[in-house]
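Letters are used for the chains, namely A, B and C, taken in the order the chains are written, and counting of residues starts over at 1 for each.
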Amino acid sequence: MKLKTFNIGGIHPPEHKLSASAAIQDAPLPKVAVVPLSQHLGAPAKVKVKRGEMVKVGTLLAKGEAFISANIHSPVSGKVAKIEPRVDSSGFRRESVVIEVQGDEWNEDIDTSNDIIKDIKLEKKDILQRIHDCGIVGLGGATFPSHVKYMIPEGRSVEFLIINGVECEPYITSDDQLMLEKGEEMMVGIRVMMKAAGVEKAIIGVENNKPKAIEHLRKIADQYQGISVEPLKVQYPQGGEKQLIDALIKRQIPAGKLPSDVGCVVNNVGTAFAIYEAVQKNKPLVERIVTVTGKTVKKPSNFKVRLGTPISDLLPLAECDMENTGKVINGGPMMGKALVALNAAVTKGTSAVLLIKKEESKRVTVQNCIRCGKCMSVCPMGLEPYLLSVIARQGENERCETERIMDCIECGSCVYTCPSGRPLLDNIRLGKANTGFMIRTRGRK
Amino acid sequence: MGLLTVSGSPHIHGGLSVKKLMWGVVIAMVPAMLASFYYFGLGAIKVTLVAVLSSVIFEYVITKFIMKEKPNLMDGSAVITGILLAFNVPSNLPIWIIIIGSLVAIGVAKMSFGGLGKNPFNPALVGRVFLLISFPVQMTSWPVVDKIFPMGLDAVTGPTPLAVVKEGIGNGEKMTDIMNQIPDYTQLFLGQSGGSLGEVSALLLLLGGIYMLYRKIITWHIPLSFLAAVVIFSGIFWLYDPNTYVDPIFHLVTGGMMLGVFFMATDMVTSPMTPKGQLVFGAGVGILTIIIRVWGAYPEGVSFAILLMNAVVPHLNNIFKPERFGEEVSHG
Amino acid sequence: MDNSIVSALIVLSAIGVLAAIILYFIAQKFKVIEDPKIDDVDEALPGANCGGCGYAGCRAFAESMVKAGTMEGFFCPVGGNDLMKSLAPILGVEAPEKAPQIAVLRCNGSVKNSIPKFEYDGDMTCSFTTSLTAGTGGCQFGCLGGGECVDACDFDAMYMDPETNLPVVKVNCVACNACVEACPRDILELRNRGPKEKRIFVACINAEKGPLSKQNCTVSCIGCKACVKVCNFDAIDVNNFLAYINYEACTLCRKCVEVCPTNAIHEISFKPRKPKADKKEKEEVRLVVK
């Protein structure tokens, strides 16, 4: 049978799923947890605790008051030592709550047992409120606040709930392992989300390089009404929202529109699990699965990590050879961000910590563009990266807009294939920022 | 532990490089090159060596001393230009003419536009056409076979089949008579016709082309539409009047057709980027080739046709955009 | 034979006359009456079209100024006061006097003062780098060393110092504002040149608390207000832990320079002080005079 995949462009980088068979281990609690107030897309949350206050796991630290924002809860128990700017993974200082860890005491109303609660008691409205209260964001990497996704505009019906278990980035295995170990909980989570979105059908898209997960999910999916598992051809960037919808149900979201415009809501498998925990067990988002992997890691592993744990704490657990490491990435090799400081904290968006060998950490030498058109043929959005790169650099924002620079999903496929090693995406990002600014300020003049 | 490196994503590269692409093209040209050595002997080796060496040297000198940049000879693009230039000239061409050809190809057609990737026209073809116009006699007096390889077959001396046909039609001879003067198509296809170095064996050029398709150095769009246009366009005339017009197969197997189809029209720098644009480009080259071959002053039209179409590539790039994601909304 | 020449002559002449008439009427219809003063002013302007005056080019500047009929609010920084004075008779008004200015780099975070904490590999454009990282030294306010300001300079008045990785403004700066606009972090500022090129300014724009900024850079302003206390002319303000010297009020007394604990205040074109025995050697001041 021919496997489904998306239609335009795409690449297939070596998968390197080194930590594929590593069971999820609990990472030890940090001594000091640093919890940034902006771990999600949108406005930073407003801090609600004071210096010196004692907090438990699950205590609300900061409230997401803006429309697009998310609550932040204490991932540890202990004393709030400081509220000050701390260096985040990109080197910028961001307001963070620093907690000195004492013991591991959880809030009383959180169900910490291991029982799987399958019965969904809450109503649609309460489910949404619970998702909001527990500060759930998309755990695939974009960290978009989940409750906003389920606020479907009036008069628009959603037919499908699409669950993203693709994990198309090389190296990362956190979702794979989660599907294997917490499949049952995830299924309940998906039922919860189906109730919240009011849909009858849910499709879990999983790339075919995870046969165990597919088999496992298929086995248990029968018990849950309306959930199907769809194996997909391995191709990057299938985990992109638009690409996944195209691959699964052959609908393309028009430029500037949302998944709900084509009758879909898309969520990650990690989010499904987090929603299960939030709705069924009243547990806020305080921990997540992080893959620590790379060619210089002796024991590539998947850890369950409390948010706020410094990334440098995880490295010795996986026996990383830092001598030969030239680059540490927060996320996958294609879209992850290179870390500036290793003591940056694990946040809601940290799906992996990837170590790159020293020899491979530098970019290839830049040469002239030879107009081979390979960037264009791999672009999943059907854009012309070579052209966008040039006009973005020249500051032709108007033309950037008509050439649809804002459609770029920054997947990096163009740079990956470019034989001349040109920094296409760097230029396109610059162009996107400038063009976006131009579009936003246009109405005001 | 030294300092960590920080850069924007993506952090891995596919490993494809200009060098790999260019040397892939060189490998694809090797069979045809060896065949030319076999048929034309020492002369062919001399021409190839001179063309390649002079191209590389000109590129080095111009990059280093005029453009004041670090020369990057290993990318192989100058080697390709050299071999292609050699493929496009007779094996008995005087050395000094070849050197002038390289100078025009590298200096005028390539480096004056800013080097690799910035030239609008195929450098080797510009060199070839320059020589053809400047030294018509030397460029069209085809070689006597060098007898260094005694086991070699007798290659045809004198005019190329294309010239024979052109002249014949001009003199009002009958097509059947003209056809008797040239080798049959199998011979032409396998490689027994006089002409430039690279025109000798259509088969080996085809092999090289298939290798490049396999390595994904080129895509099928340009060769296919080029060949299809040649067959269809010349076919129409042949069906109309087989006595005045040659059949399409003759067009396919003679002259620089295969060389143009796989190695010169597909040059990345001077061909359009989008598949649609490439189809139009290929078709344009095909039609222009036949027009020149049938009505033009020169018996061979591939080089002129490609150069003419090179000139419209920027427009083709502007007109034919790739298929954008979400352009047409399909529900259900 | 003769006839054909004659008829040709007649026809051609007729076409010529007709064309002339049409041209005349079209020219009349689309005639634009332009003040001859605009041409005079335009001629006198430098013609660099740098945009330093705030207009699209020299011609636009001339047009707007002549139309306004005043020189108030118009100033060509390239030509300076001399040029403005020469333009005054054309318009028949008084030329406004403006202190000559120069672009000043308010950052001294060289590789020595702000030690790189990682290596940056990739596109070196400041406007892109600033969206990706805080900068190799760790300061999210300081110079990234990408040289976008140097690229923006039309007057060859800037260059990148390879040792410090900071841009340097040369004395031939015309204060056209191009570099100020090019800098994504607003580090460059136009300040008065001062008498004999003497200037005092705070070479830092870090608005973090002292302990934080000190982590990244040894010469950052920590907002200690020592300079404010010593200033007799109310020329220094401290906002967001950052001192700013008002060049209009500053009398170039140099007291603040002495008291600054991090050497963040720079003095330029002053004679060296009499050496004091225990005084630490002043941070090397990058002289603007070449």
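Some observations on this one:
The working rule: a contact is a pair of C-beta atoms (placed from the backbone, for glycine too) under 8 Å apart; a residue touches a chain by one contact, two chains touch by 3 or more.
In this text, all values refer to a predicted model and were calculated from it rather than measured experimentally.
By number of C-beta pairs in contact, A-C leads when A-C and B-C are compared.
Using mean Cα coordinates as chain centres, the one most removed from subunit A is B. Annotation: 49 Å between the Cα-based centres of subunit A and subunit B. Measuring from the averaged C-alpha position of subunit A to that of subunit C gives a distance of 43 Å.
Rounded to whole angstrom, the centroid-to-centroid distance between subunit B and subunit C, based on C-alpha atoms, equals 53 Å. Among the residues of subunit A, those in touch with two or more other chains are 91, 337, 340, 361-363, 423, 426, 429. The residues of subunit B that reach two or more other chains are 4-8, listed in rising order. The residues of subunit C that reach two or more other chains are 117-118, 121-123, 128, 132-133, listed in rising order. Residues 85, 87, 90-93, 337, 340-341, 361-363, 393, 423, 426-427, 429-430, 433-434 of subunit A are the ones that touch subunit C when the two sit in their complex. The touching residues of subunit B, when paired with subunit C in their complex, are 3-8. Across the interface of their complex, subunit A is touched by residues 117-118, 121-123, 125, 127-128, 131-135, 138, 140, 208, 212 of subunit C.
Against subunit A, the residues of subunit B that register as touching in their complex are 1-2, 4-14, 16-18, 20-21, 72, 75, 114-118, 268-270, 272-274, 321-332. Here subunit A touches subunit B in the complex through residues 8, 11, 13, 91, 170, 242, 246, 250-255, 257, 262-263, 322-323, 325-329, 331, 333-340, 342, 354, 356, 358, 360-364, 367-374, 376-377, 379-384, 386, 404, 407, 410, 412-413, 415-421, 423, 425-426, 429, going by the rule given at the top.
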